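As structure tokens, here come the structures.
Each of the next two complexes has subunit A plus one more chain, namely subunit B in the first and subunit C in the second.
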Partner chain A sequence: MAAVSAPAAPRRRPPRDWTGLAFVAPFLLVFGVGVVAPLGYASGLSLFQDQLIGGRSFVGLQNYVDAATDPRFLDGISRVGIFLVVQVPIMIGLALLVALALDSGRVRGMRFMRLGIFMPYAVPSVVAALMWGFIYGDQFGLVGQLNAATGLALPSPLSQSWVLPAIGNVVTWEFVGYNMLILYAALRAVPEELYEAAEIDGAGEIRKAFSVKLPALRPALWVATLFSIIGSFQLFNEPNVLQTLAPGSISTHFTPNMYAYQLAFNANQVTYSAAVAVVLGLITVVVAYTAQRMTARQESR
Partner chain B sequence: MSDTATTASAPAGEPAPALGAPEPRQRRLTSRGPRKKRTSLVLQALMVLMVVYTLLPLYWLTVNATKSNGELFRSNGLWLGSEISLWDNIVTTVTYQDGIYLTWLFNTALYSVVGAVGATVICAWGGYALAKFDFPAKRLVRAIVFGAITIPATALAVPTFLLFAELGITNTRLSIIVPALVSPFGLYLMTVFAAASIPDSLLDAAKIDGANAWTTFWRVSFRLMAPGFATVLLFNLVHTWNNYFLPLIMLNDPSLYPLTVGLNQLNNQVTTGANLEPVYNVVLTGSLLAVVPLIASFLFLQRYWQSGLAAGSVKQ
Partner chain C sequence: MRLSRTALSAAAPGICLALLATGCGGGDADGGTGSSGDRSAEIEAALEEGGELTLWTWSTKFESAVTAFEEEHPDVDVEIVNAGQSADQYTALQNAISSGENIPDLAMVEYFALPELALSEQLVSVDEWGLGGLKDEFTESSWRQMTYGDTAYGLPNNTGPLIMLYNQKVFDEAGIDEPPATWEEYAEAAETIKDELPDSRIASIDPGDAGGLDSLIWQGGGRPFQHDGESVTVDFTGEDTAKVNDYWSDLISRDLVAPEPGWTDEWWRSLGDGSLATWTTGAWALGNISSTLTDNAGDFRVAPAPMWDADDPQNAENGGSGFSVVEGSDDTALAMGFLQWFSLNEASVDAQLDAGSFPAQSAPLEDPEWLNKEFEYFGGQQANKVLADASGQVAQGWQYLPYQVYANSVFGDSVGSEISEGGAVQDGAEKWGEQLRSYGEDQGFDVG
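Right after this comes the complex of A and B.
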């Protein structure tokens, strides 16, 4: 009987097969506990306020109204705004330059270079910040030793006016190799025929880089930029670690996430910290969505 | 082994171009090989500068982890001191405060291994389901989960803390492990890998042989997905090993800290003078020891993260 029905049956799957759902169920469970529930709870909590008398009461969007005019929150937002406008282009530009150099085939020791530049990605951001923090420092740091040895008076990277670029350097150091590899992988995927066609048309190396490589890289560049922008808004680990070494330069509301962190431990501000966290999450969603729409539009052209 | 890895990273799914990265590379090597290009001095210099930039801090850390506390302040930061105290520093680090460093190392290993292995298995099941099965609400599941790829873990730390505080489960090992089990990007990668590496005909054959879905997964599909599994596992390992914000906000018992939080707290005490002994050598050596396992695994598992990155470059 099986022999008769087997050849005809297998092509069509039954309309309601629950096997797939069973396999994806564990993911949905942890996703619910680890993503949906916290975001849902925080969103709900952000609509309340704690009063000394009367306890927790519903206040609608009051926390969001407060956040929109909170100088500390706005200070953090504008700081990460400046940070991303400067740091992201520098990092992506460097990553692009290095990826193009590697792909040109005109550099020796490629394997070592690729590994060496990627290596910081494996370093925990806490260790990266500690390490750079010590290097920046004047106790046994390189900057202090350089000043002592040469009589120069280089400003301390941990001083108030230099600390943001100093953090930018740590973040660039951590992620330039990661972005380079993403771009390099995309370059490697460009079909050889495109180069050959360009060569027949008489294009030189630089012309090829602009006319063949850059257009082919556009999706990967978008992804790399998008994730870097999101990362900038979430800036926390590096300034939090460096704060110990530079307490005068890095306030507790230096970045929005540091502010949310500080508020979460203040009993009267817990609901407000939820609102700040939700706003930050929303910014991420808006950035991601906008970038995706722009990519889609470019691709359909 | 290497054959399987290449197959898995060059799938037939929609986002094809960059996923096939390893393959075109071979094509190009053969077609371009004979015409050897001249080394460009400008490009070579640029690359050397970049490598110096990325490796110098790691070199600095290694050199300074060989110095005693006094030597740190006396010697040139870019060169060895008059004596090598690396071994002394390691012993001091692991025995400091009754071996608190080893506790942190154990915690990090526990959180990373349980969190990363768990997350990767969960992603493998889910990716298998999304790639190979039709089920109710599949499109909805895809849309929600892949939409969540862009939500960074840092954005979830404060909300997760607030929820867990309400439930009274902060300051527990579970409060670190459970959030580490979620990896939307891992699910995405496993879906791509599963679609590329498991032929439908093989699944049909297993079905005809009477194998149930569970047995088929472990005996047939999982083996074919193994290279993808290794890639996702490596990324999840790095992610949990380096996790800082969540444990910082969630834990206040030092014996539950992972290395990242512990090291930073130690640095806090040393720098602010709260800790009467200025044990900078412990902070430096502890940092170095915390980096070694990850760098080693990256060096040994190069093929896996490179194919994973290739897949990541087209994720949207």
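Right after this comes the complex of A and C.
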């Protein structure tokens, strides 16, 4: 039809080309069904209240007002906040160190090491948490055996004061390899000429690392950090699995995600849980966006 | 769903409404006869006609009883589905009912969860189907735990009167001749064990197990939870409640008991290698310990749980469950027929006892053959006699909250953290109580 009518009545502007839409449509469909619809549903749900006596009723923004002052929710937020500030730099730092070491080509058994460090990422986080749970055991676990063998009295990693670092250790173990791979891939993409030029200027390996490699790594570092920030806010599997071993140390509101889960599945409060999840999502977006602005500003200097 | 059921049972409840006060619901032995006559014909017809039933339970103790039922009723096909353990199953059940899909016909319901499920209209009253008249076939305490308000929402199946499993070898090594009969003696035994065997403790106390502490409080005479219709009381400040909590705080702070979670791999190993000398728990645990710690055959014995007053033994229950017909079942009449046969037919009950279930039915508790059974695992002890006595001593008046599933889930947050850090259990319990009161108010209860 278009072919017939077009030459007959030429328009001033060329007809809109819908070909692009056809290519994007599958994504849009999945995005709509998988992301937009659940978000809309959860946001809608969050405006209601569920009661064992009284059923469901519309409460407007009351759930959000409650969440803003809910000590359990705020407790979880501040805990993952601390976790993020401490664990993410350590993990990214380690990943960077390993990536630089591997890239320098001075490490023996490079392939083996690369694979070995990446391997934990292939272990499902639930399995990893279970495994570390055994290691942390102060009776029959590694900690218990160390204490028995050396006469030390190492504190239980699952006690209230040590459980957060213990979880940080599990998460670091799981994700150092993944971040290392992102950074290592970025390093391999640095053009050889830059290194040659640096060598002609008389730079050693360390000077090359600081002046050539690190600047080239910035975008990759940013990606790795962004994923880790989001991951920290989403913390769930590790503490949830360890909770069985340490119910007195890991509360039901230990992380915001655990709290949302608890509200939805044990506390009969799906609607309030939806509000908590929406707030958590917003906080994550704000923190990630702020981090991005900070790096962007640095880069423009 | 509610409508169709009401329509089906229009006649009998109509009369009930008119009479209102008495004789309805089959609370009395002969109270339900009027309606039971009508409905038993309906149930019989459903059993004749046959059909398919789905039964949710995570326990493996019921397979042979279900097979026995199917042999007797070849036209009825019963599928057992494991929909998760305890709280997981209740969540799944609620989801199924609210979505209206994959609703099971029957489900195993623990006593602590019954009020919550009954209140949220997930279970069908057995009184409406004339099964209320079966009350006398079960122990009084178990029947009461299957009722909410004055209505029974299922038939009791198994109970967990509190008993103490102890490791005879550890007691011998520590030089303890008799298992402690009172909590005072228990504390002394705890000291002896720690002195004689520095790596062993008398027991662990689980910072995550609300049911465990609940039953100890129950046994000590405390009644922190009460409900009547929509009004609820949560009070942990009672003298008897505090007595139990302070007792355990004392043992924990003196390092006489291990504040460790139960049921973990590490915990089973501690129990197996004698690091833990006793386990005070429900009678159902005999089956669990003998099938888990197979290398320890002959080590353990069963004793009554320690008492607060040896002259006036008051016991409690830990766990226990019944079976209920689920609201929204495709064939409620058939499900009721199954429930009755499964709960009381001799072949079915025998199969359940063989699988290690501790009965809520009164008949086996008086059956000499069952009572005299010698347990090889427990050194040839006639353990059922101890259990039956323990069952007979269960004290009355205990209630769970109509939101006990939630209550148990947040136990670790307040009480658990006190237990695992050696703090004051009583403080934790009072904090727990505060949280439960404010939750009750949020949920629309009248909290006193």
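As a convention for this text, the second predicted complex is superposed on the first by the 245 of 301 C-alpha atoms of A that agree within 3 Å, B and C clash if a C-alpha of one lies under 4 Å from a C-alpha of the other, contacts with A are read in each partner's own complex, and residues count from 1 in each chain.
Assume a contact is a pair of C-beta atoms (placed from the backbone, for glycine too) under 8 Å apart; a residue touches a chain by one contact, two chains touch by 3 or more.
Being a predicted model, the structure only gives us computed values, none of them experimental.
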Which partner does A:Gln160 reach: the first (subunit B), the second (subunit C), both, or neither? second
Taking the superposition as given, does A:Leu245 touch the first partner, subunit B, the second, subunit C, both, or neither? both
Superposition-derived comparison: subunit B or subunit C, residues of subunit A touched: B
Which partner does A:Ala122 reach: the first (subunit B), the second (subunit C), both, or neither? first
Would you check which partner chain A:Phe140 touches, where first means subunit B only, second means subunit C only, and both and neither mean what they say? both
What is the contact status of A:Gln51 with respect to subunit B (first) and subunit C (second): first, second, both, or neither? second
Look at A:Ile206 in the shared chain and tell me whether it touches subunit B only, subunit C only, both, or neither; answer first, second, both or neither. neither
Which partner does A:His253 reach: the first (subunit B), the second (subunit C), both, or neither? second
Have a look at where A:Leu152 lands relative to subunit B and subunit C in the superposition and call it first, second, both or neither. neither
Once chain A of both complexes is superposed, is A:Asn268 in touch with subunit B (first), subunit C (second), both, or neither? second
Starting from the residues of subunit A touching subunit B, keep only those that also touch subunit C in the other complex, and list them. 134, 139-141, 244-245
Contacts from subunit A onto subunit B in the complex sit at residues 6, 10, 13, 16-24, 26-28, 30-31, 33-35, 37-39, 41-42, 45, 94, 97-98, 101-102, 104-109, 112-113, 115-128, 130-132, 134-135, 139-142, 145, 173, 176-178, 181-183, 185-186, 188-192, 219-220, 222-223, 226-227, 230-231, 234, 236-237, 240-241, 244-245, 257, 260-261, 264, 270, 273-274, 276-278, 280-281, 284-285, 288, 292, 295
Listed in rising order, the residues of subunit A that touch subunit C in the complex are 51-54, 134, 137, 139-141, 159-160, 243-253, 262, 265-268
For the complex, give me every residue of subunit C touching subunit A. 87, 91, 116, 119-120, 206-208, 230, 259-261, 264-266, 269-270, 275, 402-403, 405-406, 409-413, 416-421, 439, 442-445
Interfacial residue positions of subunit B with respect to subunit A in the complex: 17-22, 24-25, 27-28, 31-32, 37-40, 43-44, 46-47, 50-51, 53-55, 57-58, 60-61, 64, 72-73, 76-78, 119, 122-123, 125-126, 128-130, 132-138, 141, 145, 148, 150-152, 154-163, 166, 178-179, 181-182, 184, 187, 204, 207-208, 213, 217, 238, 241-242, 244-245, 248-249, 259-261, 263-264, 267-268, 271-272, 280, 283-284, 287, 290-291, 294-295, 297-299, 302, 306, 309-310, 312-316
